[in-house]
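In this document, chain identifiers A, B, C and D correspond to the written order of the chains, with residue numbering beginning at 1 in each.
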Amino acid sequence: MKYFKKIEPIKYEGSKSTNPFSFKYYNPNEIILGKPMKEHLKFSMAYWHTLTGSGIDPFGSATVERSWDDNAENEIDKAKVRVKVAFELMEKLGIEYFCFHDRDIAPEQDTLEETNRVLDEIVDIIEGEMKRTGIKLLWGTANLFGNKRFVNGASTSPNADIFAFAAAQTKKAMEITKRLGGSGYVFWGGREGYETLLNTDMKFELDNFARFLHMAVDYAKEIEFNGQFYIEPKPKEPTKHQYDFDSATVISFLRQYGLDKSFKLNIETNHATLAGHTMNHELRLAAINDMLGSVDANQGDLLLGWDTDQFPTDIYGGVLAMYEIIRAGGFTTGGLNFDAKVRRPSFKEEDLLIAHIAGMDTYAAGLRIAARLWEDKVLEDNLDHRYRSFNDGIGKKIVSNEVGFKQLEEYVLAKKELNPNEPGKQELLEAILNQYIIG
Amino acid sequence: MKYFKKIEPIKYEGSKSTNPFSFKYYNPNEIILGKPMKEHLKFSMAYWHTLTGSGIDPFGSATVERSWDDNAENEIDKAKVRVKVAFELMEKLGIEYFCFHDRDIAPEQDTLEETNRVLDEIVDIIEGEMKRTGIKLLWGTANLFGNKRFVNGASTSPNADIFAFAAAQTKKAMEITKRLGGSGYVFWGGREGYETLLNTDMKFELDNFARFLHMAVDYAKEIEFNGQFYIEPKPKEPTKHQYDFDSATVISFLRQYGLDKSFKLNIETNHATLAGHTMNHELRLAAINDMLGSVDANQGDLLLGWDTDQFPTDIYGGVLAMYEIIRAGGFTTGGLNFDAKVRRPSFKEEDLLIAHIAGMDTYAAGLRIAARLWEDKVLEDNLDHRYRSFNDGIGKKIVSNEVGFKQLEEYVLAKKELNPNEPGKQELLEAILNQYIIG
Amino acid sequence: MKYFKKIEPIKYEGSKSTNPFSFKYYNPNEIILGKPMKEHLKFSMAYWHTLTGSGIDPFGSATVERSWDDNAENEIDKAKVRVKVAFELMEKLGIEYFCFHDRDIAPEQDTLEETNRVLDEIVDIIEGEMKRTGIKLLWGTANLFGNKRFVNGASTSPNADIFAFAAAQTKKAMEITKRLGGSGYVFWGGREGYETLLNTDMKFELDNFARFLHMAVDYAKEIEFNGQFYIEPKPKEPTKHQYDFDSATVISFLRQYGLDKSFKLNIETNHATLAGHTMNHELRLAAINDMLGSVDANQGDLLLGWDTDQFPTDIYGGVLAMYEIIRAGGFTTGGLNFDAKVRRPSFKEEDLLIAHIAGMDTYAAGLRIAARLWEDKVLEDNLDHRYRSFNDGIGKKIVSNEVGFKQLEEYVLAKKELNPNEPGKQELLEAILNQYIIG
Amino acid sequence: MKYFKKIEPIKYEGSKSTNPFSFKYYNPNEIILGKPMKEHLKFSMAYWHTLTGSGIDPFGSATVERSWDDNAENEIDKAKVRVKVAFELMEKLGIEYFCFHDRDIAPEQDTLEETNRVLDEIVDIIEGEMKRTGIKLLWGTANLFGNKRFVNGASTSPNADIFAFAAAQTKKAMEITKRLGGSGYVFWGGREGYETLLNTDMKFELDNFARFLHMAVDYAKEIEFNGQFYIEPKPKEPTKHQYDFDSATVISFLRQYGLDKSFKLNIETNHATLAGHTMNHELRLAAINDMLGSVDANQGDLLLGWDTDQFPTDIYGGVLAMYEIIRAGGFTTGGLNFDAKVRRPSFKEEDLLIAHIAGMDTYAAGLRIAARLWEDKVLEDNLDHRYRSFNDGIGKKIVSNEVGFKQLEEYVLAKKELNPNEPGKQELLEAILNQYIIG
């Protein structure tokens, strides 16, 4: 414990605490709906934003103050010390999972061989820290978008060599994920998309994208990697059109190419809203298609049009996401990964803790509230009542496929008056939701 | 009390109540920051949505069930009975103010003379109800956008006769507003904008718009109407570009044409977000320009691009709006007018009450929370601390205009190192705000 | 020819004509790419906007001046005269197809029986006009969103009786479409969506939606209706979330429920952009999935967030849509239907012609330009060149599925340097596109 | 001429040329509306994007291939060689103006003194190149957003030392702009805005912003810099809210603080659309307020929510912008500055030329078309006709302020029927515009 010396491990102090370095809602071992909060939430630290995020943005350079970076002698040393920082930070926060891209943990070298050698060196250190702390790998992934070789895409590049390189890189990333016992592996199609249709053969690129994923499935079998594969939808940014636009698009793609048994979704809040959806819509859609895998917990600013990746502090987001997760039976392989970065002006080391606490408390409070909504059957009872006309009579015949247009026309013509509609009660439900939140 | 017979006057029952026809947070006479909640909030019913809203939308016809409308013999009778309904509804809800357009309360007739005669007839009834109940008029206005004569604008129409008609109609609306003791009069430029610049002389139209407002100011003096004039910003819809785009635009327009002493702003939440702003941004901007007049309390759906005019249920909206209002010293002539309509599927009469209760409770809870933020000086102390470098030294010289570029260059060159920046603490402040909300 | 007496049939006068009542680019029988322009374009009039559009919007009443409506004695007479107007208008414009909803052509009556009787009466007249003029029905559909009974959806209503009614109505609409020789039938899910997930069982509703479409497929077989079924994507409006969000979503839904062999897409420009896509993206996606059926030709204002349904005048839109259609082999059952309404201030009868001429010329010019792009192989040659690395070597092995991650890693490790990337040439392609447009 | 050896100076070859390194529409000395095209257009190269742009984006590293950068020994050498490249590029393209930020042309050093010394060294070289080539400085500016010291703003920073530093930096930037004969100086408020109102004293920050601009005005007088000051509006990005939101906001701010005589606007297309406006709206608004100064010519993607800064290729944009500029009397101090960057995949040196050619041709074609629209008085005659009712009768009395509400009411009551409205003719005008474009 040397990087955050001044900060004690974060403890639950309850909602009245004014200590910024305490949890107000997250009490890891408190039992909610029959299991500890931490098992519901499965918080994960995102290595990229937290360890390698610099505060750079398209209009300005790095802002963050990171004493450990400053003291490192070279990029490999920096990578090594960041492992220590990462685990100390997770210990301080009581975060039991993490996620990484290959290039987050180790810098790329001149050749792939050398890159992989350095990667292994860092993975050794990570493995040691995992053993020491019991912290687990939620999922791994490969960064197939940052290097300039991926300028025109990775598996969807028009350059076959780039496809090959992406394959080789993914192979290695899968191997280290397996080695570290990762319970999943994510494909976020960073540059899998297009800038302009004028120069794009969309069908060819989608075919290649699917081909690449099939190779990954095959290789997982070969090396007996049993973690869950995920695709992470995003509609745009960095490319003008990202092929994995939203949950519906990804589900469609997976089914079309026979990949739907091998993948689930990793759904991100900010990506949902950039696609014009609420996060709970995306979660629900995934859940009813048995595709709800894991969550990138963050939030966007709905008045801004880019991926702001803010730490989640919107309590409605926390409640409604946790409600969908509870409704879907909870996480199995997945968890809540904070794919979130401290705001550029939150450049102090302590802001890393403050921001994670804010996010963890938002989801912890969300869990508490969602659990009460679920136990009280506030929404589910309303649904049962609302759709009850399909439980018998003509409704039952419809849902059991006993009738067609002809019989339904006969039914309507014979009936003097249709059963009246009932109001949707949106305002009432929103007011009740507020009561659960405000208390 | 004959239209909402089954519903008792709405009472405060506290936050644990499950009675949909009770207030959970609004306790009208409870003292907050030294005055009753109702004086802080000054809730107002919007006659248009509540009495004349039908549930029609661009893709479908009316849905609302209104027994009083069905029983009316003709449009004038309907207008008369609606007055009774309106006041009974306000009494049931304990709403002490209302707002209306001339055409909400009385249907237009074949000639302006006849229209005005019918209008006076209805105003007589309203006046009687106001006396009976003590309910007051927050503001009146003229509907200069619904009738097809305003297809190309009202005061910005290219047709001089339409300008004249709009003037005559506004004259009458001002007269009845004065007669009913209205504390304000609103100009919402419904069709004051353009569809395409290809056919628009923007300068001419803006000049005429200002000319029209000057005429209104002159006429107010003439009839000794002392209510506050307001302009209500909106960026688009119905026209492609509305001249009163947002608060900044309106303030600019008013100053340019020498109207800034005669007008304040009536700011609507849904209009703020359509313009790309938060509501609290718009309120703050108005406040620091001494232009914060009144509020149209509603909310939009930030994933939709039109004016949904939903009843406000977002607690962040309630808290942050009330915080700005408290910070600005509270309402004088203005209030919180529910320019909100029940959702189209909320078509029952009782939904009118439920929706108003939802909105009132959101702002009441918002007031309670904002008041605590204000009393605890959570935000204000942080501001004092954050900007303290301007209290002495070079900072003080800057704000007292004692230095220019030359002196500042000298200062910088002489100083070895600049005072360091401090982090913005956004995540921490958002987490604290959540604590105040969730409790 | 009695309704547009003053206007001669619209003739092609070439691009220099200043006669507003002439075509500048549309020369119906001119041969482009081996067939007459009119066979490429297959223009269709949308009965709803053109005959029943009134200029009403959420903030104002009807503006259009329609002498034939004013002279009609009742709603049924009005419906009858509108048939004559419609066909005269199409004749004047040389439009050879039309599309309608059941409720566009005949007003709803007190009972379904009576409604259907009146509908048949009007269909008789339409049939007569079709024979007289040779004009054909591109597609029919049922309006399952306007009547208040559909307030909570049609096939996705929580009320079984409403599902039944929608079925009966669709049955009849399919029958009249068949009778009139319609080459297609469209399902636009007007209210098939939700307002809030708080009260929605998404899975149940989607299952019912699919069930409804299966009934339609079955009934088509039963009555031997061989027209093409289409679904028309739209992301939002009127509901907050429309189930048929975009092409990808609809394709996914159709495949999931085993409906993909029975349906193609009817893609609308304004719906594409509301979903965050370009129109050519939606067309390409449909085409590569063999789902490109028909087009609703209009345009939105990308700075506005609702369905403005403007007549298409953007030449880029015209060129790029026609390019995708040519690339896909042209229309079979589908065509270009002007799902577009005259702007509210374009309220004169002659504006109906002017707006259609504008739209037809935009697509005609678009066809001319797209045909030259296609013939010159400007874009296709670039694609061949850009993706050539997959024609041999490792690229060929990838696309023929001969290699996996292991072989690709070996390839990369063995290769000293990867083949370099080539630039995307977006600016150049856009400049060339401009040359084709500007001439 | 050593950096673009293979490319001959770009010549006008007319619209049929297939030479990518030729102008199709830009013929610099061709007379349009009485003066050479180049005097209408006054093209300017943006030093930042063109010389220092690297292709970096929030998800990936640099992509551009720049042989001159690779060959430079250190950052100062790189800065020097870039000057040569810049002028050779401008010569090749026939661009006669350029714009820069201080930090574009010379890298920041450890102290302000040293930074300024290096800056002077580079300015010497630039001055030499300007003399050699006759190329002129359109405007200079200071980069007050990139360095981390500006993380909380520059003149709106809560840290007084940062205000001081920004002042010192601006002083120097003004001095070098004067020295190089710059005809203008731009203030783009890169970080002048806020991330969250929770920590922001908006009034204090705006006051300081104005204070800073007054210091600039004072200092300009002192050093007799007679160039035009401009403010460049932008609504968001990098900050959540930028104080210079749009033209209306900036005009308002300038008037409020008594700065309106000293500043005009530098309007950027992509900023206009991010604010929800068309570019021609922003230009018109500036023009009618006598604030139209200069233009940052680029374009955004309206389906994306961030500043893409694409080279302008939309011909509608080119035509309508040039139309507004012609209508306003043409540029005086301002010009068309390509604040545009090659797409990330356009990473070759030659793409710099191709992209500029695309942009120049778009505006050149735009000028040609706009000039014909202007000469033919297509739009202006329509305006005269449309607003003619204000030329006599009641209209004339209105615009000459002879009547008020009372007289207008009398007029309306006395008049049997109002003069009818006339249609807006939007579709017709759009079709005519297309004729001018397509030819």
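Rule of thumb we're sticking to: contacts are C-beta pairs under 8 Å (C-beta built on N, C-alpha and C of every residue); 3 or more make two chains touch, one makes a residue touch a chain.
As the structure is a prediction and not an experimental result, all values here were calculated from the model.
For chain pairs B-C and A-C, the one joined by more C-beta pairs in contact is A-C. Inter-chain spacing, taken between the CA centroids of chain A and chain C, is 36 Å. With each centre defined as the average position of its C-alpha atoms, the distance from chain B to chain C rounds to 40 Å. Within chain D, the positions touching two or more other chains are listed as 148, 151-152, 195, 236, 276-278, 303, 343, 345, 347, 421, 424-426, 430, 433.
Chain contact topology: the protein chains form a complete graph, every chain touching every other one.
Looking at the complex, you find that chain C touches chain B at residues 55, 57-63, 145-148, 150-152, 190-191, 195, 236-238, 240, 274, 301, 303-307, 343-345, 347. Taken in their complex, chain C has these residues touching chain D: 15, 20, 24-25, 273, 276-278, 302-303, 311, 313-316, 342-343, 345-348, 351, 354-355, 357-358, 361-362, 365, 421, 423-428, 430-431, 433-435, 437-439.
Those residues of chain D whose C-beta lies close enough to touch chain B in the complex are 112-113, 148-149, 151-152, 157-165, 167-168, 170-172, 174, 195-204, 206-208, 211, 215-216, 218-219, 222, 235-236, 241, 245-246, 248-249, 251-253, 255-256, 275-278, 280-281, 284-285, 288-289, 320, 379, 382-383, 386-387, 389-390, 393-395, 398-399, 401, 404-406, 408-409, 411-413, 415, 418-422, 424-426, 429-430, 433.
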